[in-house]
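Input: structures, listed below.
One chain, subunit A, links the two complexes that follow: it is found with subunit B in the first and with subunit C in the second.
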Partner chain A sequence: MAAEMEPPPLGDAGQTDFREIEDGEGFFVSTVTTIESPEPSSPDPPSMPAEGISTNGPKQEDISLDDDPEDLFAEATEEVSLDSPEREPILSDGPSPAITPVTPTAMLTPRMGLGTAEMFERALDEIEEDDSGDTFDMHIAVSDPEKVGDGMNAYMGYKVTTKTSMTIFSKNETTVRRRFSDFLGLHSKLASKYLHIGYIVPPAPEKSIVGMTKVKVGKEDLSSAEFVEKRRSALERYLMRTVKHPILLKDPDVMMFLESSELPRAVSTQALSGAGILRMVNKAADAVNKMTIKMNESDAWFEEKHQQFENLDLQLRKLHASVECLVCHRKELSVNTASFAKSAAMLGNSEDHTALSRALSQLAEVEEKIDQLHQDQAYADFYLFSELLGDYVRLITAVKGVFDHRMKTWSKWQDTQLLLQKKREAESKLQFANKPDKLQQAQDEIKELEGKVQQGEKDFELISKTIRKEVSRFEKERVKDFKVVIIQYLESLVQTQQQLIKYWEAFLPEAKAIA
Partner chain B sequence: MDEDLFLEDVGDSWSFQLGGEDEDDLHEYQAFLGSSFFDLSGDPFSQMGLGDHEGKQFCWKKTHTDSSAEEEEAREGSLSVSAQTIRVTEAVRDGDALTFIVISQKLSGSGEYHVARTHEDFQWLQQCLFSQEVVPGILGVIFPPLPAKPQLNAPTKVLKQLGFLAMGEDWRMYCMALETYLQQVAAHTTLSKNKCLENFLTSSEPPGRQRVRKGIFNRLSQAMEGMRKEGHKDVDDFFQTERDNNLTLTGCSKSATERFIDVVLTEQKLAVACGHFSTALHLCVEQEEDSAVLAFSKICVKLSEVIDSIKRNFESVAENNLSTLGLGLDLESRCQEAEKEMLYRRTCKLVVLETASRNAERAKPVKTAAMDELKVAAEKEFDHVSGVAKQEIARFHSTRVELLRQALILWCEKQLETARDTSFRYSEHLQAFKGLGE
Partner chain C sequence: MMQEGLDDGPDFLSEEDRGPRAVNVDLQTDATLQVDISDALSERDKVKFTVHTKSTLPNFKQNEFSVVRQHEEFIWLHDSFVENEEYAGYIIPPAPPRPDFDASREKLQKLGEGEGSMTKEEFTKMKQELEAEYLAIFKKTVAMHEVFLCRVAAHPVLRKDMNFHVFLEYNQDLSVRGKNKREKMEDFFKNVVKSADGVLVAGVKDVDDFFEHEKTFLLEYHNRVKDASSKSDRMIRSHKSVADDINRIASTLYTLGTQDSTDVCKFFLKVSELFEKTRKIEARVAADEDLKLADLLKYYLRESQAAKDLLYRRGRALVDYENANKALDKARAKNKDVLQAETSQQVCCQKFEKISESAKQELIDFKTRRVAAFRKNLVELAELELKHAKGNLQLLQSCVGVLKGDT
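Showing the complex of A and B:
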């Protein structure tokens, strides 16, 4: 099968998108595919059509990957200068799923058709075998947030330091500077490559107009500082989660992100870019799809797990809300304690009796110190629990997405089967009409479809297998994650209490000294 | 008597007292209170430092053992119960009203009195005490403050006025405040001799509810007049200073009390929020054999135990705050108000005196003698009040310092104990989590 690339209508830079539309199907059953340009050196990356999904487009042939093993994933960026961030959890979805599985560069040359899925499977198995040899030893730190530029074009730059002893990395320690859209770009690429084949790609931190605008405008207050710190921490966690995934770790985009000093700007992450609009349209299409696909679930495991994750989603959201409430009250307590400390101090000052006056002043000091403890504790509540729960709520969204992709894959397979059936019927009719050309054509088509059906089945099996592994991994990681955070939290609690005891012990003699 | 300028100023008149049914009572009081009133050797407020109340939240330490005072109390017309044994043990809900059980031990040691009283009864007592107007200088007494009426099913705003006293379970704080009030009254050399107190503590019948009368000691309700006179400059430096200090302290202590209430309320809110969090965690538990899912469920359960500990900690801390320093600050605040009222009364007398003096000076020869007489009477009254006031102020200060001291010590000790407990529990949780099998 020859690779076919139709030049898209628009002349702007962008990603190349190809559509595959099923014949005769009127529904939103078609999916949009992404093919990366095989020519990275070309100064003008191929354009991207900002077209929606149409039901009656021209019939296009099956597209498979280019034979070029080296550069499957060239950069695709758009020269749009508008910087208009929008709250977009959509970002966790890549542009679109591919028909044929996409193999990481490091692996074998992808073959078309039947063999691809098998190859892929073997390739992944190899990755996992590699893993057991080279134990995970990596630490990524995101630090030194620095504002670059002025006004509405300003952005925050972060320092990303990678320390590792793993052999796949060229250096033991690397430092690069990245901005937020770089992280989003990384996620976007990973999502487009791995989500549709069943890998749970950790979602990137969310955009925030309010937060960023404050920073850009130069508001140097507590809430801006908190925002920046929150984001810095979120970026760090995001990277760590991503590299902990054995497949993602080996992805060239990830490596490039961590190691190369310059990254082309990921402009397609912007909401109003062509890519952004396409994402939104896809999202709508997906939503409709979900409603129309009725899957015959033959595997009880998937049924159960799906339900479990639905439940988990709800529970985590509730937990998150509870913790937010806790954080809020604790901050309130801090404010009230500080207020009380002040009034106690005033009382002490107005008091004639020397010893009582001193004791009351001491009281005020103790309360101030306790206030500080409350603040520290609120910080811990927030950064440890609240963010962890928030991360997991977003992760669950990715998990559910992966389950949805499986459904889509199944649906595609089923549709192909139906089509094959129709073709067979048509062919048998043609057998009796004396039209050898048409008959031949029909038979060719049938052969092609048979191949596709097999491919579809293999895809479905593969994604199911991958999801099982991913879910298992997710569940193990979850336990580790929570345990680590809880221990940290408990340690902070213990420390706070020890401090508190010291304060009370210091105050007691003062109180007793009142004559 | 009709021309008593002081009373005319204040608004309520003597005639209400002298005429009609109350005349008998007036004579009664006079008979009792006549000579033994001004016991300057006694030490009214020191008697408030009394015994340890086991299980009570607020300890009053006994500072003096004054046996002569006790003897005095045993005399006829004096209180037949021991002041330090007075307890208000509980508040019983009676429809829309609260009834308080007051228990006190007989001095003779032969048993105890058990009575049920409503807030109206307390108010009656307070009014009785106020009504001892005939006693010279009584205006100089700092009357123990009675807590405001507790209302069940009251809107939050009303409850807010009660502050700390409305908090705590089953009106426990309120009962403590009432108890303190009764003990203070019973320990006061003058006030304790009021027959009404005896009646209140010992009679099984509710004391004369129908005889609630308006005292002249209404709170500075004559607002306009009050404002003018409050600022009236004093002739005595000691009193001027005292009034200035009192003004500051009243404001400061009220402010501190209110802020402290906010702290306690927030702590209680935190406890509730922890409860929600803990419950939400239990919802995450899945019945599964899969080891990773099981491990996660286990973590959720253990975490909810931790959160429960945090909740208990907040509850304890809030309770400690409430029952020691909270109560102490509340009492301090109300006592400052009581002193303020006394000082105000004295200031009013000063105004009366100054007016009388002016009148005497400006009087036409015909009226000079009468005016002079009034002036002399006013002067005498004023001196009496000032004399009593000075005494009261000295005792007031030593008492309140002692009260605050005890409140602070108890507060610190309780918080220290809670902190240690909590620390221990947190450490246990930490160990448990570290040991969670992997």
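Showing the complex of A and C:
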């Protein structure tokens, strides 16, 4: 099977059993370099690669195994590493365009060396321990963003490809087309079903009126291409997180989303729809309620966890802001380096001492390569680090929401208990009033309320139990995610330094040659 | 408050900084006259340089002595060279730029104002960063003043200048005040006239190929160096911003690490530690680029201007010479004031030839110096970049190794 793919993967074909890796990879499948350089050689200049790969699109074309080390390197800064190898074993069917690029990683592996391989193995072991029963074997790719329609009614359609060997799915591989509001609709359904009973439902990517308008209007510039890529990557991470949740995976809405060719239009996700307004009103009401509920926390665990998540939220937001700053400044550095490179080239041209002139031209070339390095690093900064942080900031909001629901459940239970007490008092009064009908009614109501109180208590206990499990799962995921991403990010930094060394080492003799 | 602490600080120069610093110019130090800035003190508004001279020349009363000078006195010395007709045929070493701590002071002030909004560690860290920046600027201004003096001392003619000796030896204040408003206005008009004149003079085609080539070359070169200098400054500023960001990230990661109760806290702490170190390296990269690249370009911007000024003076002398020739012809034709015209023409001719002769050598020397300085600095730049990249790489790789071992 591997051989059928073009070009044939190198050594890493030996790394089997990668399917479990999905756990770690979902987030950075993006084609970091794709957006940045809409090269003439790329198959789809405006936006995305023709192949359904979320990883290396156009750049792929440029890659030949030996020739262009810089391009390869540029690839290497993307965390493509996790994706491609694991796709291989998943393919039960023949190769389809969507799964082709085992290539980039194949070429990457010799570059990245053993380090990456070891990392895969380790991530593997970890994942196998976690799973019980049916091993989680699923991969979802979101690709091929295509603008459908024109003007303000236009929207972006995405191809969603699911590959799995799990039996709950009817096919091993399914491809459907979805639009952004479909994703939002899915989330909205899942949230309404699961949030209030304590399940942490991963939040969907955020709407962006500015971003979408640019796309709708047809502005095909770098920023709208970046926006589309950012969204595509976010959608993919969103789906992967959702299906990693054992309960959500089995939800019929999720299955329908992934498998059915037609999906009813999720109108209620529009901001200004009736449902949208209702949501806003509910949100406001919730905020008020939260302030008024004073819960007697009998369980120290919840108190502690709540505080922990508050702290985590604060720090992650701070970190996210700093990393966004870093991305911005690094991009600026790249631009300024390029500008300096041009200037140095001009200076070299006007220098009339031949050897010095040549050296200055070489300096200009080095700086030009370095500016590309900075650009690539900025993308790694963003897609690896910044987006992960952004995702977790949103996830923690969901976690806090779940804690709030528990509070609400408790409050409901307490309210019912209070009501019961009142009714009991009323009943005892009625005992002496000699009104047999009213007495009977009161007693019936009391019976009903007793049932409700029992239910309330059960609900509260259930949500508490669910939350404990969910938090434990969430924390495990979080630890795994961060560990994997941090290592990948550091490796991107390693690559950058290695390249820097190469460039300056090549320049040094030129400088020394000035006579 | 904070500013005062720094301004009245003690001697900033460490042992290693003493001794001749040939930052941008490759000069042979000559035992007969050695000049350096052995000390410097920064006070609120001014910097006081201790100029130290070692000389075997008979002109001086002692063999070794020091005086304290301020920036204005350096400018006075430079201007006296420029205004001296005798030196018209030489490239006058460019005056050092005024010490400018404004930006640094502003940052320190902002830091002081924002003290309440950050943690104690962050505050201390940022303060250290700014103090280091202040120190770097300080060292740079000292170096630039020193280079000026060394260039003068190395020049076979300028080193004998009376004003220069007074500057070196006279241990009282030279009472050179900065230019007042009227003088500044005069300067401004002088410059305007000079530029206009310069254009006229430049338009005169030179018979001599060497000078014609030099004129074209210098004009273009000067402009391109200017551009390269400003672009390199911008690039280096971005680099510093990136280092600052990494600093902040390191702090937040540390907090995350101490708060986290899960396995990943080790990661956060390790990476925070790593980033602390790598950002120091990044800051050093920016500083070294500043020193080896930006300063080099800035210096040659000023020197190429001085070379252009020399060509202008020669051009001026050429025009005067040609005019004198024309006047002589006219006088001969009219047979009136012929002797006067003849002497005038002789004077102009001598002046022009004197300038041309020394100018040629000066321009050749300029090229030699320039090539040597670029070579030295580019080599050092590449070596430092390599050193830092390797340092970074080692830190990163070791951290990755540790973290992978942990997973």
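The definition used in the following text is that the second predicted complex is superposed on the first by the 384 of 515 C-alpha atoms of A that agree within 3 Å, B and C clash if a C-alpha of one lies under 4 Å from a C-alpha of the other, contacts with A are read in each partner's own complex, and residues count from 1 in each chain.
Rule of thumb we're sticking to: a contact is a pair of C-beta atoms (placed from the backbone, for glycine too) under 8 Å apart; a residue touches a chain by one contact, two chains touch by 3 or more.
All values reported here derive from a predicted model rather than from experimental measurement.
Novice: Taking subunit A as the common reference, can subunit B and subunit C both be placed on it without clashing, or not? Answer clash or fit.
Specialist: After superposition on subunit A, subunit B vs subunit C: clash.
Novice: After the superposition on A, what does A:Glu351 contact: first (subunit B), second (subunit C), both or neither?
Specialist: Both partners.
Novice: Thinking of the overlay built on chain A, is A:Ser472 touched by subunit B (first), by subunit C (second), by both, or by neither?
Specialist: In the superposition, A:Ser472 contacts subunit B only.
Novice: Figure out whether A:Phe482 sits in contact with subunit B (first) or subunit C (second), or with both, or with neither.
Specialist: both
Novice: Let me test your reading of the model: by the given contact rule, A:Lys171 touches which partner, first (subunit B), second (subunit C), both or neither?
Specialist: Neither partner.
Novice: Does the superposition put A:Lys438 against subunit B (first), subunit C (second), both, or neither?
Specialist: A:Lys438 sits against neither subunit B nor subunit C.
Novice: Taking the superposition as given, does A:Gln498 touch the first partner, subunit B, the second, subunit C, both, or neither?
Specialist: Both subunit B and subunit C are touched by A:Gln498.
Novice: In the superposed view, which residues of subunit A touch subunit B and also subunit C?
Specialist: 308, 311-312, 315-316, 318-319, 322-323, 325-326, 329-330, 332-333, 336-337, 339-340, 342-344, 346-347, 350-353, 356, 359, 363, 475, 478-479, 482-483, 486-487, 490-491, 493-494, 497-498, 500-501, 504-505, 507-508, 511-512, 514
Novice: Subunit A touches which residues of subunit B in the complex?
Specialist: Residues 245, 248-249, 252-253, 255-256, 259-260, 262-263, 266-267, 269-270, 273-274, 276-277, 280-281, 283-284, 286, 290, 292-293, 295-296, 299, 302-303, 306, 310, 397, 401, 404-405, 408-409, 411-413, 415-416, 419-420, 422-423, 426-427, 429-430, 433-434, 436.
Novice: Which stretch or stretches of subunit A touch subunit B in the complex?
Specialist: By the definition above, subunit A touches subunit B via 308, 311-312, 315-316, 318-319, 322-323, 325-326, 329-330, 332-333, 336-337, 339-340, 342-344, 346-347, 350-353, 356, 359, 363, 472, 475-476, 478-479, 482-483, 486-487, 490-491, 493-494, 497-498, 500-501, 504-505, 507-508, 511-512, 514.
Novice: In the complex formed with subunit A, which residues of subunit C make contact?
Specialist: 213, 217, 220-221, 224-225, 227-228, 231-232, 234-235, 237-239, 241-242, 245-246, 248-249, 252-253, 255-256, 259-264, 267, 271, 274, 278, 367, 370-371, 374-375, 378-379, 381-383, 385-386, 389-390, 392-393, 396-397, 399-400, 403-404, 407
Novice: Along subunit A, where are the residues that touch subunit C in the complex?
Specialist: 115, 118-119, 122-123, 126, 308, 311-312, 315-316, 318-319, 322-323, 325-326, 329-330, 332-333, 336-337, 339-340, 342-344, 346-347, 349-353, 355-356, 359-360, 363, 475, 478-479, 482-483, 486-487, 490-491, 493-494, 497-498, 500-501, 504-505, 507-508, 511-512, 514-515
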